[in-house]
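Before I ask anything, here is the structure I am working with.
As written, the chain order gives the labels A, B and C, with residue 1 at the start of each chain.
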Amino acid sequence: MKVFSTSLNLSTEERTEISDITKPVRDAVQQFPVTAGLVLVNTLHTTCALFVNEFQGALIEDLRGLVERLVPERHGYRHDDPRYSDCERGNAHAHLRAALLGRSIAVGINNGDLTLGRFQSIIFAELDGPRKREITVQVVGE
Amino acid sequence: MKVFSTSLNLSTEERTEISDITKPVRDAVQQFPVTAGLVLVNTLHTTCALFVNEFQGALIEDLRGLVERLVPERHGYRHDDPRYSDCERGNAHAHLRAALLGRSIAVGINNGDLTLGRFQSIIFAELDGPRKREITVQVVGE
Amino acid sequence: MKVFSTSLNLSTEERTEISDITKPVRDAVQQFPVTAGLVLVNTLHTTCALFVNEFQGALIEDLRGLVERLVPERHGYRHDDPRYSDCERGNAHAHLRAALLGRSIAVGINNGDLTLGRFQSIIFAELDGPRKREITVQVVGE
């Protein structure tokens, strides 16, 4: 049993940008000599999210609509108000959306591959782009 | 230290069906020769959720009410609209509810048992049933 | 590769109390002879949450406002109604907020330290205090 780790670097181009990172995560895992175990994928940021769902264009638009409805931008947040906060990005909504969606996923590894269902993709959501982002891939396995 | 994996198969009978799967997960873990480690439980689907909370009938009704309020069915989603999507199930709400609740849980194993609090249950939510569902149980431990 | 576990005990003083537990988690991890692996941090309760985000006072107020808006207290929940429930705490909102925020986090360990980004803190949310609370810290690593 061993631990392996690496990271993925992304440059996002949009304010909100949702992308399928299953292939780079799979490629990262498969560079390690591991046939069984688990992989933990984390963003190192507080205004991005990581989760698993179907990556279909229409559904991704619905997801974007959902988080905009539940957590509107510029909704009188203290984090966006210079009287209470020294953050000048006006990105409270991005932090709060990340808290709802989660910043980390764990997936089993069996037969040297990710144990994902047919329609499951690992999805990265940039919520305060454009930015350079780093995602860590930590494998524990044998 | 070893990796063990198995899966649980469920047949759900209702459109939305929330069930306590602590016992089958515990039984699956205890069939392996592991006294300490952790277990990762994942659904292989994009319209189910897995989480840990108290499994009490009244509270489960409240949870159902919450997800219906936050993510109503047929709320003009693109995933449900044949102009944008080839999915004929009309299940955008189920995908979005799954994204909010999470599809995976991890629990410690100590003394050969799941490390759960007195009121904690592992809860599976079918959000687009009835369907056949598969849940993977991956153990890393010694 | 080894498994190590310990727990943190907290006494919360407020009804809702959100605190940064990065340091006690880091200290707990660093008492173990582990340079690489992962740590799983779980609450043993159903009315607390654990997640990773920026711990800034203004943002924490916004997070509190978000969960109060999405999941209001005393919103006609069955769990709070003696006709349906024997729970006398009136804490359905706390269970539901915990279900949205999550009760568990996993973080990589590299070079003997938690792999967290510059602005990432491990945040504990008491949602039904004041109470005594226990958080488990389970490490798998080498």
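Please note the rule applied: a residue touches a chain if its C-beta (ideal position, glycine included) is under 8 Å from a C-beta of that chain, and two chains touch if they have at least 3 such contacts.
These numbers were taken from a predicted model, which means no experiment stands behind them.
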>> Fitting on CA atoms only, what is the rotation between the copies chain A and chain B? Please report it in degrees, nearest 5.
In response: 120
> Over half shared or under half: which fits the residue numbers at the contact of copies chain A and chain C, same or different?
Replying inline: different
> In whole angstrom, how far does the Cα centroid of chain A sit from the Cα centroid of chain C?
Replying inline: 20
>> Quick check: what residues of chain A touch more than one other chain, meaning two or more?
In response: 1, 70, 100, 102, 106, 140
> Across the complex, what residues on chain C touch chain A?
Replying inline: 1, 36-38, 51-54, 56-59, 61-63, 65-66, 70, 100-102, 105-108, 110, 115-120, 140-142
> Can you name the residues of chain C that touch chain B in the complex?
Replying inline: 1-3, 5, 40, 42-46, 70-71, 77-79, 81, 84-85, 87, 92, 95-96, 98-100, 102-104, 106, 134, 136, 138, 140
